[in-house]
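For reference, chains read A, B, C and D in written order, and residue numbers begin at 1 within each chain.
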Amino acid sequence: MASSNKKKILNDPVYGFITIPTELLFDLVEHPYFQRLRRIKQLGLSEYVYPGALHTRFHHALGAMHLMGQAMQTLQSKGHRISDAECEAAQIAILLHDIGHGPFSHVLECCLLDSVHHEVISLMLMHELNQQFNGGLALAIRMFEGTYERPFFHQLISSQLDMDRMDYLNRDGYYTGVAEGAIGAERIIKMLDLVDDQLVVEAKGILSVENFLNARRLMYWQVYLHKTSICCESMLVQILRRARFLIRQGDFEPVYAPETFKLFLRESITLTDFRTNRTYLDAFTKLDDFDVWSCIKQWAIHPDPVLSTLCQMLLDRKLFKIMLSTEPFAGELLQELENQLRQTGLSDDVLSYFLVEGQATNAAYLPSGDRIAIKLKSGDVIDIADASDLSNIQVLTNIVRRYYVCWAKGISLRQLVRL
Amino acid sequence: MASSNKKKILNDPVYGFITIPTELLFDLVEHPYFQRLRRIKQLGLSEYVYPGALHTRFHHALGAMHLMGQAMQTLQSKGHRISDAECEAAQIAILLHDIGHGPFSHVLECCLLDSVHHEVISLMLMHELNQQFNGGLALAIRMFEGTYERPFFHQLISSQLDMDRMDYLNRDGYYTGVAEGAIGAERIIKMLDLVDDQLVVEAKGILSVENFLNARRLMYWQVYLHKTSICCESMLVQILRRARFLIRQGDFEPVYAPETFKLFLRESITLTDFRTNRTYLDAFTKLDDFDVWSCIKQWAIHPDPVLSTLCQMLLDRKLFKIMLSTEPFAGELLQELENQLRQTGLSDDVLSYFLVEGQATNAAYLPSGDRIAIKLKSGDVIDIADASDLSNIQVLTNIVRRYYVCWAKGISLRQLVRL
Amino acid sequence: MASSNKKKILNDPVYGFITIPTELLFDLVEHPYFQRLRRIKQLGLSEYVYPGALHTRFHHALGAMHLMGQAMQTLQSKGHRISDAECEAAQIAILLHDIGHGPFSHVLECCLLDSVHHEVISLMLMHELNQQFNGGLALAIRMFEGTYERPFFHQLISSQLDMDRMDYLNRDGYYTGVAEGAIGAERIIKMLDLVDDQLVVEAKGILSVENFLNARRLMYWQVYLHKTSICCESMLVQILRRARFLIRQGDFEPVYAPETFKLFLRESITLTDFRTNRTYLDAFTKLDDFDVWSCIKQWAIHPDPVLSTLCQMLLDRKLFKIMLSTEPFAGELLQELENQLRQTGLSDDVLSYFLVEGQATNAAYLPSGDRIAIKLKSGDVIDIADASDLSNIQVLTNIVRRYYVCWAKGISLRQLVRL
Amino acid sequence: MASSNKKKILNDPVYGFITIPTELLFDLVEHPYFQRLRRIKQLGLSEYVYPGALHTRFHHALGAMHLMGQAMQTLQSKGHRISDAECEAAQIAILLHDIGHGPFSHVLECCLLDSVHHEVISLMLMHELNQQFNGGLALAIRMFEGTYERPFFHQLISSQLDMDRMDYLNRDGYYTGVAEGAIGAERIIKMLDLVDDQLVVEAKGILSVENFLNARRLMYWQVYLHKTSICCESMLVQILRRARFLIRQGDFEPVYAPETFKLFLRESITLTDFRTNRTYLDAFTKLDDFDVWSCIKQWAIHPDPVLSTLCQMLLDRKLFKIMLSTEPFAGELLQELENQLRQTGLSDDVLSYFLVEGQATNAAYLPSGDRIAIKLKSGDVIDIADASDLSNIQVLTNIVRRYYVCWAKGISLRQLVRL
């Protein structure tokens, strides 16, 4: 039996208190893999726009676990049989769903781990933990993978209405101060039900679901894809690109990095590498925001002017300018920006570090095609798009694309002369 | 005239919005000295107790500036003449009041900067900025020092009821989730008034002031002096002690640290050094939490078992045990704990890194003797202790002392064998 | 000059504090016409669904005045010249915009004041007050009517984005507990600007405006047109119909009502009556919720079984059943319900009091065709429907219609036998 | 078994949702005795100071029931056996603890029901309901009376830390907007435990309990005993006194009142009357705020100038002046005030309606001598006064007395000439 002194209560500004309900969950929270999430911010560089947005993946994962507990209670109170083991497994799965995130996850995945998605790493780490805990995570893994026979568990872990989204919208809204992002998670959860072990929402919850979809859409543009965040992330991408270039080039000036991080800068690591060589996964479980920031600080005094200029700019929040458009930018515009940069003394081989084109989409925040099912009073189950008189339900889940270009306006010549 | 595009609005979950009202204030916020505060957490290691407590001194300073603006408006609306220059100076002074803080300020001041208080450094940096901004901070400095002829400005910057405390109680309460710490800052500010240019509170604000004092007392014990925070800070002190020992000893195994941080580990820097050698202040303005954390991460794999064990324990949140008492601990108890540690294989010369005695007091949070003045309807001004029927007003400002001992219980032998 | 002791601060849970900024505004708040609004709930019978929804039109009007003050400040800070007189007039106009509301306004307008809209009465009362205050409301009246040469004042008083809506969505959300109704009023107001003295929203405020429109739509269905509210209002309409019938019939059993209220029950009052006979307006300014409730309580023991049954049902919250549909109900269904009621002993002449058909639309909450103008960074002004990628902006302002039928299911026979 | 469609969820702005957990509780909520509480405001005339303070005893009782449910869960989770029947009984008892309140309870008890306390009536009504529900409330009644063998149930219903106080401090704080009144009810409840079936608080909850006591003290003075509330209540007392005088005098001008209310105005009803004559209890269960307000409105046009003047003043919020003091007022002062009133034309026999002396104490809000027990980590149980280093714990529960005098300053002569 779980000894009660392993039950722990945490303060959470968003929900008041979070209780860790079982001994195994407590041990997982205490595990270094999970403690590492304390050192990884949920919103990466968004703090440059929203100074309060400093919350971590650690706190988010605990919040999602808390909501999962509420969902279990709600479904049980509606007469659905859910065993203690299932409850715990569902809470384990959601607690660990993000354990494979690295620091500045989108940036890292984009430029260092091109072919390895964080969910794959989460699963690897769950299997690793499953061994350490003598198979105690087996059911949680099946739920996470979607192979457990009762589909609603997977839906609560990963779908349009999963506990992940419920928590992060609330939490991101709280810490950024974008009050419109707050959703009535409690209300939606109370409206959850099951039909044939599929997750549905009672009809009277339609408006809350619509509100949730709206809040999510607002948060994309107001927070997740805020143009200043895009700008900061672009700068970080260039920094990592340059550092990698210098390291691989084997410059006479060494480029500082903690060994575990250097591994990822030096090598091109594929999913197969991850699977076959234990070194990579071990190194990954050591990575956190501090590795990246300590490098940025050291690189700001590196002799390479590209690297040091970019790092110092980011540290001092001297950001690139950015333009957004729904259309791709005309070649002439980019040409003109390049010319401006050349006039500040930049040579052509480094231009690309100071002028970045790209696209931002909300795709990362959208689920893969699953529907939200509404249970009518008649008992019938229909798609929310058919249940709502709001014609734009579909719109809310569309992928929207923004083209952007950002560049170092008025960059200081002196520093670059040394190129 | 200030160009309007230098006015900026920031989201703040605590107050909704913070407006930066003048061009000079905006430029100060943009200055690298101030941007550094983004990288220094307000509550140091309290996140180990309250996972949401990740807010920075940057956000706090902006919040205090915001409240100062409200105080200015209130006093003006009560007929007191305050010029635009005075308003701006007051906001500058409070914005910069904490600019001399280093990372983990209490720890650092205690073990690396023994004789240099953060307020002294704040003042040095304000003088430095005053030069860079052609004397634009002269009035702010006089207010900060308390040499300006209208005393209430200094009182709003540093006294029992200053805007510093108003903001940090609210903000710390918000981010920790300790709702009882929230104070009616808006209400108290609306009750502020002046008598002979001294700050007073209208009689009808007595209850709010009492509540503020109570909230402050609660926050000491619930947050600032929480036993787990004390424990984490003790561990960090030992880590820095050990790193310093190894560096000064000149061990054959180099001890990593960014150069600016190493300076403070290697040398014993006095106030005179700070004043006479520009190097120290320059280095100080580069220090932040990331320097400390990146060292902890590197040191966790250093060959010295004391250093690496302590660092890995902190990273993985394997904390010392702690006991608190209102009385000093008996020699026998400490003897017994030492014996326990010896049995785990610790040699006597390193015992002191794993068994720490100390005292915690709320003194750091208490003002130096100034009173809170209440203005009665009759116009008379009296001390709040005389105005309140609450006999314990004085109690609330007493210095309370707790003795503690913390130690590494059940520390792993294997790692230490190498000693 | 306004003496400062007429400035008053009120506690408001929604905004913290509301300051009444001028002497004239203070005197208007103190006037019996305005104090009457203390006795008129903002949401009528919605408290039967949301027990916290007890806030009054008094509080709402003060809140709207507060937001108007913020809007004035924002516009001034963006360089637009607004005189003190204009500020005060705008605040007066919004303070008094609802002063012509009677108790249970929608019910009363529907069954007692068929041809007299509350805005017409508001205007009459503003003219009356203008006389009492020696012309001090002249400018406010022009703004209210839309005849003042600077159109944005009227837009702030009555348009898609007026301070009325801003306050009531926030306030209704707060008191009902429907958190999704809360809008970032502060944020939207900060984004307001003027182009050619027309109200516009800065482009970066688009998302907040969308969120506002969504919140409004949610509040219609979740609160304003909640089926139980419709049901309660239908019952109240029947009660008033029956009372009027008995009074006009001149039954031997007198029907209690305070004299001022009886006037409206006894007579059919047209707009012309209001305009030509001072008695009606005077009587109207005495009416409040207490008149209606005291009658319901007295009528619950009146010998007429229809009246007493309906009143007792409402008092004890034994409500009609209700069905909603997007289509008109089939004749057969209504026939069947009638038959059911006949079987409980109801005679045909009173059936219509216990079986009510009707339509609910959100029309009352929608503005009359004015657009929301967005000011692009380029300076161009376009309609939000063109500025947003959300295709359903128009949808959000569509008029939606629901058909309903409600009836007294299982009504007690005994009481009605006496018919 | 309880059918699930009798389970109901209510929106509550304070706690989010309140679930009514059993069929019997649902039926009690639906009962006219309980529905009557919808028409009785929790804070009487405090809305004249805090315009948002319109919440009812209905909502408060539901909130207290909700907190009781949380307390039951907490105690069960700590291993204490509590049966479903006990849970339900505890929730019934707290739901009905205030059912004996009349409108403007303190006023009514003071001038119409001198010898009958609301708790006695609550108990009578609970016995009545027990009969109607076939003995289903028997256990709840024993808990309420304190005769059940497990004392903690009574302590949760009525003691220093009962769910009544927990809810009303939170709720009154929410609706008045006095944020300092908000207490961490959730936190305190999580700290509750039992020792020998006595309610105790875990040692780590001491600070929260202190905060709770402080908040309570603040609310007395800021809200419950606010001088303007005292003033309004005094006026209402005089109104009722005068109406009673006129009714008993049998004036030729009838004094309107609903029959049930008139009973209490006409007669002097003792506890024995209540117990022996069913009429009084029946009448009492019909009384609500609307009865009082409808009389005030009618009496405002009654020919008696004392009655009509007082009523019109209250309706229009033309309030008495008030002075407070910690000492009784000197005879000369009262003499002078009397003289002032005489000069406005008041005859001596009516002076006492316009000049009122009295005392306000917090006694009504203080519990009768029971202690708050703290359970130390050692397992020992001590009084909080011994556990806290805050010397004034006792002070917080002292009875404080304020003397007041209030009078009709500048009362209009014309109206009174008719005397």
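Assume contacts are C-beta pairs under 8 Å (C-beta built on N, C-alpha and C of every residue); 3 or more make two chains touch, one makes a residue touch a chain.
Small disclaimer: the values here were computed from a predicted structure and weren't measured.
> More C-beta contacts across C-D or across B-D?
Answer to which pair has more contacts is C-D.
> Please identify the chain with the largest separation between its CA centroid and the CA centroid of chain C.
It is B.
> Please report how many Å separate the Cα centroid of chain C from that of chain D, as a whole number.
Comparing mean C-alpha positions, chain D is 31 Å from chain C.
> Hey, how far is the Cα centre of chain B from the one of chain D, in Å?
44
> Multi-chain contacts only, two chains or more: what residues does chain B have there?
16, 187
> Please name which positions on chain C make contact with chain D in the complex.
10-14, 16, 30, 32, 35, 38-39, 47, 49-52, 54-56, 58-59, 62, 174-178, 258-259, 286, 288, 290-291, 293-294, 297-298, 301, 315-317
> Provide the residue numbers of chain B that touch chain D in the complex, in ascending order.
Residue list for chain B touching chain D: 179-180, 182-184, 187, 207-208, 210-211, 214-215, 217-218, 221-222, 326, 389-392, 395, 400.
> Residues of chain C touching chain B in their complex?
4, 9, 16-17, 78-79, 186-187, 190
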